[in-house]
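So, here come the structures, one by one.
You will see two complexes here that share chain A, one where it goes with chain B and one where it goes with chain C.
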Partner chain A sequence: MSRTQMTTGAICLAAVVALAFVPMIVDAYHLALAISLLQFTVLATAWGMFSGPTRYVSLATTAFFGVGAYTVAVLGEQLPWSLVLLIAAVIGAVMAVIVGLSTLRLSGVHFVIFTFGLAELVRQIVVWYEVNKTRVLGRYVFVDITQNDIYWQLLALAVIVFGAGWLIARSRFGFALRIIGEDETVARHCGINVTIAKVALFTITATFMTLVGAVMAPRFTYIEPSIAFNATISFEVVIMALLGGAHRLWGPALGAIPLTLLFDFLSARFPSTSTLIMGVVFLLIVYALPSGVVGLWERLKTWRPTASKMRGAQA
Partner chain B sequence: MVSAVKRLAAGLLAVAGAASVGWDGAAEAQTSVKIGYAISRTGPAAGGAAVTTIPNYELWVKEVNAAGGLKLGDKRVLIEVVQYDDRSSAEEAAKALERLITQDKVDFILPPWGTGLNLAVGPILNKAGYPHIASTAVTDRAPELAKRWPNSFWLLGTSADAAKTLVELLTKLRTEGKIGDTVAMASIADGFGIDLSGAARPALTAAKFKLAYDKTYPVGTQDLSPIINEVKALNPDVFIAFSYPPDTIAITEQSRISGFNPKIFYTGVGTAFPLFKQKFGANAEGVMGIGGWNGDSPAIKDYLARHKASAANGAEPDRWASAVTYAGLQMLQQAIERVGKVDRAAVIKDLQSGTFETVIGKVKLENNMPTKYWWVGQWQDGEFYGVGPSGNEGERAPVVPKPAWKAQ
Partner chain C sequence: MTNAVLTGLVLGGMYALIAMGLTLQYGVARIMNLSYGEFLIGAAFASYWLFTGWALNPLAGLAFVIPVSFGISYLLYRVLLTPLVRRARTRDALEVDSILATFGMMFIVQGIMLTMFGGAYFSYSFLAVPVTVVGEVLALNRLIAFGLAVVVGLALYLTLTRTRIGTSIRAVAVDPIAAQLVAIDVTRTSALAFALGGALVASAGVLISMFLTFSATSGVVFTMKALIVVVMGGVGNLLGCLVAGLALGLSEALVATFIDPGLTLAVNFALFLGVLLVKPAGIFGRAQR
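On to the complex of A and B.
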């Protein structure tokens, strides 16, 4: 490991340790905000890990998030917490494998529409099951999990997501994914099993999304399909990842953090028009920053010398 | 390394501590009572909130402030409102309430609209020690929740109770020979419909009614004519729809069109809405639904007039949760004024044990829930009167059989 890598590692470690102390020093509102920030950081980073290299735009975030939340609603009161999380992760992974195998051959807009439909499909299946089999629709989540616990679990999840992303990027798997992203046909000719690579990545990232839903569920107390499978989450995650830039591991976080803060600011200051302003913000992001904050940063870096040269030429 | 982290943490703690001391100092003088709420102005819950909750909150604040404010001891203190949009999302509602509690430091919080959101904010209000007067939540776990969160009050009761009262009324009418024993039941596949049909099904069977039809339909179903046609062919004495506002309207309209006119025609949420009367006019006559109120009581008549005068476009309140919501606000006001200061623990205690004069009559809670509810109402001469349970003050005799649909 080089010295810069060691320094970066040390800084990251120190940051995580410092973040772990946050619940002790902030009030309930700032803790709620911190939970939101971590939630969207993990979701957007997981989304970017898949969509960055493969360039698939997935709107299935809420499908996995909701499955995680529902697993807790069903099993939360019966099993120990760690087992519940494990089961949620397994269900999310299995679902992702099935969905991945059947849909990752689709491309472009077909995939987008399918994933959007997937969330609705899962929701309707849950509704059908609850209506016809269990005959209860709303479920209650009374588990012994405090807000602090939720925060720490999300922080741990964030560390694992970034760790996984870092490891994947440095592995043969990550290299294969980059080739797939550049040109799928070339990747096939190199002997890469494109489908397995894509499904594996989809499964890993979907498992993280499922876990976020499971961890967040105790915050809701009451869960019904419309709460757990809220399509807004899918769109928010996409827009966050796009703002940050999905082609770098840390890009989506750069979008998730300012946008979560912005949404919070808007709903506090403009309670009746916040949704409208958010829509305008989305439009601006897509038009003004097509490759996100990361893209802008990289463009600025490469521009600087040219810009000064141009100034020199004009003078 | 460790010591550096400790020092950093200690430093942050000191800063936070200093900041919180500063805030506490500023909150001392009581020149106004800050009342906060997060309500659904957008999203799927916005419709219900706009009819039942928001006009009542605005009416109450307007009236209290016009009278000089809340009476704390021997002075009057104006209400200052802080409000947010929870966008019909549980997460947003939770965050907004945490903001109200720790940032805006409001003195009291009014509840959000609907069962789901009231449950979502329950633990937060409980932890922070705020009274939680849930006036638009119907849940079978209300008694258990009241025990879990002693600061929470469930004014709208349980769905099991609603279904039981309806079946009791049907049994009574059958004994009187006014109806037979065939029942058709359709319910929406959502929390409300599932809970109520789940409670009604065994109650109907136990009362030896014949359940000729028992199906659910998904949320957002536009065309309800297949259900009505199928039910009409079965020719039941009683038709029960545990429906939500859009389908309550659609089911009634479809029944009118196809001339399906059972002896008892009962629809769910929305039957008690002023919109129902506007849409169906004389055809509303005889339709039964969930809710109802004592339309002859002077307090209700006065409330109806004030609500119309205050609300935008002279909107009328609904005949179920609106009056209960307003009564909840009156209870909060009376409890605060009896305590005489912003002492939330004392206000909670007063709500648990006190007696309150409200638009729905005298209210005394038992185990944080009222003892009397209106569960079955019926449109009679342009007013939605309570017809069940029997024994409530102002109870009207139900009009059975329902009169025929008139040509519009």
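On to the complex of A and C.
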């Protein structure tokens, strides 16, 4: 391990330790804000981990988030917390495998269409089941989890997501994914099982999204399908990851922080027009920053030396 | 049973009409338009506004809504989407860009409608008179909507197959690069196809507003159904739209009548996956493009 890697590692460790003490210092409002920040950081990073290298646009974040939240709402009171989280993760993973296997073998369009409707589909099935079988629509979440616990669990999840992303990027699996992203036909000719690689990555990242939903559930107190499967979450996650730049592991986090603050401000100040403003922000990002802040930064970095070289050549 | 089939046919005819516009936008102009349903709802609101505010018959309102939506769609393609087409190096890159751009557009249009009308459900009563067809009672407005959908669909089919401009639209759908070799202005033809799609979805929106309740946020469902029909029928294929649309409408009506009205979306997706597992390019799609 080189010296720069050791310093980076040390800085990351120090940052995590410092972040762990945040709940003891700040008041309730800022703790809630910190929870939102961490929530979207994890969601956007997980989204970028799949959509960055493979370039498949997934619009299903909220489907997994909602499944996680709903699992907690149903099982939270009966089972110990860690077991509930485990079950939520398993359900999310199974759902991701089913969706992945049925759509990722086909072209990207089928995947987009399916993920576009997935949240609505799951919501409809949950409503149907609740109305016809259990006869309750809307559940209260009474579990012994405080805001501080939510914060720490999200922080732990963030560490795991970044750790997983870092390990995947360094592994043969990550290399295979980059080849698939560049050219799928080439990847197939290299002997990579494209479908398995894509489905595996989709499942891993979807499991993280499900876990975020499960961890966040106690914060809602009351959950019904339209709250758990809120389409805005999918939208916000995509725009955050795009602003940051989905092709780097730490890119989406860069987008998640400013946009979480912006949306928090917008929904408080302009509740009726926030959807409209969010749409405009989204378009601005798509048109002006196609590869995100990270892409812009990388372009600037490579642009400077050539410019100075040109000047040198002229002189 | 007869009633379910009739309802399914009417619904399927509407789905086919909606999907025809999208197949033009996606198959010819290569724009995967996720804000498609929002334009349908926009036209429904326009029709509502004309009917309640100006007492204008929705069928006469079509004469106003169609040209306006054609113009808006044309401008949209020229101003917002042409830069993306220019920027994209490959077809896949354009697909990703257009998905993202129209996804943002969906929230903008939805936001505008939410600001103007709020989140409530709207409907108006126009020609809600019962008529008897083969022993079953149906509302007249549904029948008229279905009849007009057939007329519009036929007119589109004839335009595409019998006229010069229709032939050039089909040529761009097959191969936009080779189309340039025979002196077809691809950008203009694409813009035209996109605008035509916008006009079609607006007419569908007016027709649907005559017999369905709608709200500012109900466009997503229509987008989804249109996408499912287009891909199921084979991208760029009008006959595919018709068959897939009718299949979707029929299956929905049958499930809603005999199993549960809450499971229509599940049926849509089941049908979609079922078709794609057998024929990945759609019912009438060519195997490889």
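What we mean here is this: the second predicted complex is superposed on the first by the 293 of 315 C-alpha atoms of A that agree within 3 Å, B and C clash if a C-alpha of one lies under 4 Å from a C-alpha of the other, contacts with A are read in each partner's own complex, and residues count from 1 in each chain.
Note that in this section a contact is a pair of C-beta atoms (placed from the backbone, for glycine too) under 8 Å apart; a residue touches a chain by one contact, two chains touch by 3 or more.
None of the values given here were measured: they were computed from a predicted structure.
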| item | value |
| --- | --- |
| First, second, both or neither for A:D27, with chain B first and chain C second | first |
| Touched partner set for A:A14, first chain B, second chain C, both or neither | first |
| Contacts of A:A288 with chain B and chain C, given as first, second, both or neither | neither |
| Contacts of A:L137 with chain B and chain C, given as first, second, both or neither | first |
| Touching partner for A:I277 - first (chain B), second (chain C), both, neither | second |
| Contacts of A:A231 with chain B and chain C, given as first, second, both or neither | second |
| Which of chain B and chain C A:V127 touches, first, second, both or neither | both |
| Partner chain(s) touched by A:R55 [first = chain B, second = chain C, both, neither] | second |
| First (chain B), second (chain C), both or neither touched by A:S36 | first |
| Chain B and chain C footprints on chain A, overlapping residues | 124, 127-128, 131-132, 272, 274-275 |
| Interface residues, chain B side, partner chain A - complex | 1, 5, 8-9, 12-13, 16, 20, 41-42, 44, 83-85, 87, 89-92, 94-96, 98-99, 101-103, 115-116, 119-120, 122-124, 127-128, 139, 141, 148, 189-191, 194-195, 198, 216, 218-219 |
| Contacting residues of chain C [partner chain A, same complex] | 32, 34, 80, 83, 87, 92, 95-97, 99-101, 103-112, 114-115, 220-221, 223-224, 227-228, 231, 260, 262-266, 268-269, 272-273, 276-277, 280 |
| Residue ranges of chain A touching chain C (in the complex, touch as defined) | 55, 57, 59, 102, 106-110, 112-114, 116-117, 120-121, 124-125, 127-128, 131-132, 231, 235, 238-239, 242, 272-280, 282-283, 286-287, 290 |
| Chain A - residues contacting chain B, complex | 14, 17-18, 21, 24-33, 36, 124, 127-128, 130-132, 135-138, 140, 142, 216, 219-222, 224, 226-227, 230, 232, 264, 267-268, 271-272, 274-275 |
